[in-house]
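Here the chain labels run A, B, C, D, E and F in written order, and each chain numbers its own residues starting at 1.
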Amino acid sequence: MDVWTITIVGVGTVFLALVGLSLMLGMFKRLFHGRKDSAPSAATAEAPRPAPARAADGTLVAVISAAIAAATGGQPGSFRVVSVQASGGFSTPVWGHIDRLTRTGSGR
Amino acid sequence: MWQNILEFLQSTGFAAFGNSSMMVFGVIPGELIMIVVACVLLYLGIAKKFEPLLLVPIAFGMLLVNLPLGGVMAAPLGDTPGGLVYYLYQGVKLGIYPPLIFMGVGAMTDFGPLIANPRSLLLGAAAQIGIFITFLGATALGFDLKSAASIGIIGGADGPTAIFVTSKLNRDLLPAIAIAAYSYMALVPIIQPPIMKLLTTKKERMVVMDQLRDVSKTEKILFPIVVTIACGLLLPSAVPLLGALMLGNLFRETGVTARLSDTSQNALMNILTIFLGVSVGATAAAERFLQIETLKIIALGLVAFAIGTASGVLFGKIMYRTSGGKVNPLIGSAGVSAVPMAARVSQVVGQKENPGNYLLMHAMGPNVAGVIGSAIAAGVMLSFLG
Amino acid sequence: MDVWTITIVGVGTVFLALVGLSLMLGMFKRLFHGRKDSAPSAATAEAPRPAPARAADGTLVAVISAAIAAATGGQPGSFRVVSVQASGGFSTPVWGHIDRLTRTGSGR
Amino acid sequence: MWQNILEFLQSTGFAAFGNSSMMVFGVIPGELIMIVVACVLLYLGIAKKFEPLLLVPIAFGMLLVNLPLGGVMAAPLGDTPGGLVYYLYQGVKLGIYPPLIFMGVGAMTDFGPLIANPRSLLLGAAAQIGIFITFLGATALGFDLKSAASIGIIGGADGPTAIFVTSKLNRDLLPAIAIAAYSYMALVPIIQPPIMKLLTTKKERMVVMDQLRDVSKTEKILFPIVVTIACGLLLPSAVPLLGALMLGNLFRETGVTARLSDTSQNALMNILTIFLGVSVGATAAAERFLQIETLKIIALGLVAFAIGTASGVLFGKIMYRTSGGKVNPLIGSAGVSAVPMAARVSQVVGQKENPGNYLLMHAMGPNVAGVIGSAIAAGVMLSFLG
Amino acid sequence: MWQNILEFLQSTGFAAFGNSSMMVFGVIPGELIMIVVACVLLYLGIAKKFEPLLLVPIAFGMLLVNLPLGGVMAAPLGDTPGGLVYYLYQGVKLGIYPPLIFMGVGAMTDFGPLIANPRSLLLGAAAQIGIFITFLGATALGFDLKSAASIGIIGGADGPTAIFVTSKLNRDLLPAIAIAAYSYMALVPIIQPPIMKLLTTKKERMVVMDQLRDVSKTEKILFPIVVTIACGLLLPSAVPLLGALMLGNLFRETGVTARLSDTSQNALMNILTIFLGVSVGATAAAERFLQIETLKIIALGLVAFAIGTASGVLFGKIMYRTSGGKVNPLIGSAGVSAVPMAARVSQVVGQKENPGNYLLMHAMGPNVAGVIGSAIAAGVMLSFLG
Amino acid sequence: MDVWTITIVGVGTVFLALVGLSLMLGMFKRLFHGRKDSAPSAATAEAPRPAPARAADGTLVAVISAAIAAATGGQPGSFRVVSVQASGGFSTPVWGHIDRLTRTGSGR
């Protein structure tokens, strides 16, 4: 392997990658700047919030279905999963397994 | 030199997409689809807060392993070392991480409400019926026994238990089962209430339960020792999970091992959670995960949760009758474990009928009993099939 | 292995184990409830307590002796260990190796 | 199906008791006796606070390994992974945990009182005589050299040192030696005072010592480096233990590595303590532990402690004479290490004769010197026999 | 018996000096020289505060391995286990520690200033030119390609990156390269300012830059995911380092994985830093380290830093022109990474010309871009030579 | 190996080592006691201090040069490294890699 090739390809790749990232970040500004943050801050995690999981209940199944359907050549509908109905009215946020334990009286 | 540059371009992941072993519609490389799936899981974990502590590492592991040629899961070859995640994965493969995480869970768990009301254990047992019915269903759908057992354990609603069993019985299913288990644990507030309302009458849901007795420190210390000995003798294959859970709980309760309890549930648990999550995610190579089986597993996992919830509630109804109306059947659904979410669900559903009713501590009994119950169910599966 | 066997034995074992535990916990209530806690709370660990080790000094040797004597077919007395005399008056609790280091000035 | 159920019942631990390789009186399985011994150790650790941070994990490991068929110590077999504790145990077998725990001990130890009064080192040396006399005695009682050396090191009153030496010389003795070492460390306030009073006069016990000089930061930083180089050159086999101890102490004293000192003595030490304790306990299989040798080891350990205490005090008396009555011989007993318990014992015994006498800091010198002394004694044993 | 004592004396390190494989001037054993070098490094780390968190463990590892017969790096032989540091070293050899430390670095890094000003990335790219020019120079000086690449990466000013690349390409150079990398990172405030002043005019140095825009939480969460996918596809061999860095950063930014972020940057990072430092230091056996190559490496490392600084500043001048004087070229030097030291240097040098000028946050952009840049440069080297 | 040899050499080595250390510590007292501490305390680490690295800039290269020159039989001057000039006036202490990250706003 030629030392000059490595040098040229190396410098080129570093610039290519970082210029590419720079362009992507330029798009970030257009897409997200000025928009209000969608993710609520951690400080308010303890406070009741309206059913954060409701909108997402079917997302996982839908996406994985579509992906697998595509992958295996079938159609998304060929393996039907009845959508889970949101029960509504939950003010309990969806904690992580560990967090959940921590925040009850059981955690020290 | 130009040839070298060309070769270098051939070595990028973009080029490797062209040689993917799995081309969907003949055009889309499977890895690309998996990257999208990983991003969706990150979205669910971060924005929707589905068990983020596990789903974020799992999704990121899935992302890393599907970047072509990244080699994070590469096995060592002669003198060349393997990839980073290959080494982290050994702790899953050898069954080391899940019991140690369970030790941390034990250090976090207060078995007081269970000791105060031992009948809770029956509800914790009943809710495990979902595991076995799903096991039956999975075999009926054509899964072999080992896979069916791994799928059934999703209904145990305990991530480490599900991962431990699957790592012993059929490692190919690890990512699907881990994702299903953690997703449904996060979805407990969506899945359970309709079932609970369907199976109970308004009168049952309004039952106010007696206050729990105080539990002495001695009882709390003896509990993990007694459980280890009794269950360990009955079901040796449950010893790694149950023993670790109870060791962690003993660290918590002795009053003289606070340092060990603290590290079990914090530094050690967090380190293992990262390693476990990333390496379980990294088993999701495209050609293994993009199978119709994955969808069946996700569907069966939901079935397991639903049946577990239903059998817990139905058993609660039996206790309601036999106790002369003193037991609120809503606490039965908490028996699936998913601590403490399922207990909160009992509390919320109960409070809707009767705003002054506080079922939380009563539901914590079946809730932690469910952890023991599914560890025992896991022991049975491993004993027959491991 | 038959799927039905596993299912029946499985459900049976889960119930057997948890019903068994439930009965044992029922005995806990009779044995310990109402009794005062024998183990002092961690919060008072720093305070002087009267010789907690005194009562236990011979326990270890006695129990292991008995166990080994039984195991090896001899009698407990055949290998005699003169009991350690308690010196009395110690107000220092018996800390763990690590705790001990931590609680002197030497720990940060 | 009934046959399957029968087979399942055969696979419980209760049934396995019947096939135990060690039947006491032809009826009681050895494992059951070991479970009782483990419970007694848990009682001593928890209720009597005998070194609970070590005894609780050790006893629990003993409990787990004696649940028949639990397989927590099973070696891997072909493609089947080994048991959880088998993997944790590798860190003991390969000599990894004890030095790393010693690093944490170093990060917790203030060598200031030793630097202020270098003659303390002589007392730290004298108290190690118990190790060697016990070694002689053990060989006289029929133990082979390696076992005798492991037994002698109990007198060093340092758990990690005793475990390190035993793991290199005779692993079969690990549980007995670890239990003896930690139990006697906990019993120092019972074992030492009668010996101290017997060997000293009231006048000697009443000696008030001069206040110690201040020690500069530079001296504290140089100390671990100098000890590592000097002792490492003199006795290469002491390098793993002493080097790790001194590295931890250096982290503590530099003032610029507080993060490393903190993790050494907390998260890392706690993790390793759990792993070490559980896996040392799990070497106590019934047929290995229920031997007359175990009792001999426990008795010899007491001898080692007593002789170490006595020789420390006697050397203290020599220093009392040579210093013209400026050294209180009670600080000699602290040379066995068991930091800082033995130093507290010197303080308490001294204060009883002379309520205004504060020997604690003077006794801390021999006390920490004893840690270095027993690491060197361990090095000698490993150098001859390892 | 006297013969045994003689043999024992033969086994001390002092005696072993006489059999040293490397005798300098025919008298001084190489190990003794290495002990002195280790002490100098300890002095630099502790008294002069050169990256003490790494230099202290590295120097101590160097000290331990050069105590003759200490055997801390001994490989296992038959049934005899290896030395302590031999086992710790496996995490370096297998490439496990550096990416996991990078995960902690990611959890500590705020990419906000970079997201706010994406052009910073160009400066982060420019400063990596030092890596490649040094690579050229090293081959010209006679180093083989793998060694030259390892040396060049010193200019990346990232310890874990340099150690990762060297561990894959030429492990013999590990201690020299690690010491050079960390020393120059500590010396950034000495090395950079003269170069910065030489290459810029007073007018350029006085430029006040516009305030950076706010960056939303969503952007901060998306950034690590996008970087992982984009760079991972472009350069698969950068995945272990970049992926781990970005995973740590994701833990930091999600807002729901604070536990994992905390452990990544504290307990886990500290443990790995100790293990990495000690084992890298322990590769510095006398006969390997006391070579003229070591000096060449240290000299070339300085060259790499200087050229990286210069190319960053020169690229800053280009941006000064193209932006119509809105970019202060002093922030270019921060592109070498050495976070956040290099950014502070930009701040201090700028403030000297114009006391009211606050360049720190502007310089943090190129500064963190330099971390990504050198990880990519490392990926290129590994892709061609790994 | 004779048990008495081990015992005698063992006790001898323990005393030899600790008496040796004791003598060295005796020198410590003469060398360092009364002297003011040269290393500043950790408590003031955050405060500006005058160029701590300045005096040491050449130390590393000088020492390693000398060592290697000796080891390889050459003279220190045979491989000349131009000394790094201190820039002066830096009030920024030289932090460790990790510390540096922690102390900026970037650490949590």
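Here is the rule we go by: a residue touches a chain if its C-beta (ideal position, glycine included) is under 8 Å from a C-beta of that chain, and two chains touch if they have at least 3 such contacts.
The structure presented is a predicted model; accordingly, all values stated were derived computationally and were not measured.
Chemist: By label order, what chains touch chain A and chain D together?
Modeler: B, E
Chemist: With centres defined as the mean of C-alpha atoms, identify the chain lying farthest from chain D.
Modeler: Ranked by distance of C-alpha centres from chain D, the top chain is A.
Chemist: Centre to centre, using CA atoms, which chain is the farthest one from chain E?
Modeler: Chain C.
Chemist: Could you work out how far the Cα centre of chain E sits from that of chain F, in whole Å?
Modeler: 20
Chemist: Distance between chain A and chain E based on Cα centroids, please, to the nearest Å.
Modeler: Once rounded, the distance between the two centres reads 32 Å.
Chemist: Just curious, how far off is chain E from chain B if you go by their C-alpha centres, in Å?
Modeler: That gives a centre separation of 40 Å.
Chemist: Please output the residue numbers of chain A that touch at least 2 other chains, ranges allowed.
Modeler: 1, 4-5, 9, 13, 38-39, 96, 98-99
Chemist: Out of chain D, which residues touch more than one other chain, so two or more?
Modeler: In chain D, residues 8, 46, 49, 52-53, 221, 234-235, 255-257, 259, 262, 267, 273, 384 touch at least two other chains, as defined above.
Chemist: Among line, ring, star, complete and other, which one matches the pattern of chain touches?
Modeler: other
Chemist: Applying that definition of touch, give me each pair of chains that meets it.
Modeler: Touch list across chains, by label: A-B, A-E, B-C, B-D, B-E, C-D, D-E, D-F, E-F.
Chemist: Could you please specify the touching residues of chain F with respect to chain D in the complex?
Modeler: It is residues 1, 3-7, 9-11, 13-26, 28-29, 32-33, 35-42, 45, 96, 98-99 of chain F that touch chain D.
Chemist: Over in the complex, which chain B residues touch chain C? Could you list them?
Modeler: 114-115, 118-119, 121-122, 124-125, 128-129, 131-133, 135-136, 139, 145, 148-149, 213-214, 216-219, 221-223, 226-227, 230-231, 234-235, 254-259, 369, 372-373, 376-377, 379-381, 384-385
Chemist: Which of the residues in chain E end up touching chain B in this complex?
Modeler: The contact residues of chain E facing chain B are 93-96, 99-100, 103, 221, 225, 228-229, 232-237, 239-240, 243-244, 247, 250-251, 254-257, 259-260, 262-264, 266-268, 383-384.
Chemist: Using the touch definition up top, name the residues of chain B that touch chain E in the complex.
Modeler: Where chain B meets chain E, its residues are 8, 11-14, 16-17, 35, 39, 42, 45-46, 49, 52-53, 56-57, 60, 63-64, 67-72, 76, 81-84, 87, 266-267, 270-271, 273-274, 278.
Chemist: What residues of chain C sit close enough to touch chain D in their complex?
Modeler: 1-2, 4-5, 8-9, 13, 38-39, 51-57, 59-61, 63-65, 67-68, 70-74, 79, 81, 84-87, 89-102, 104-108
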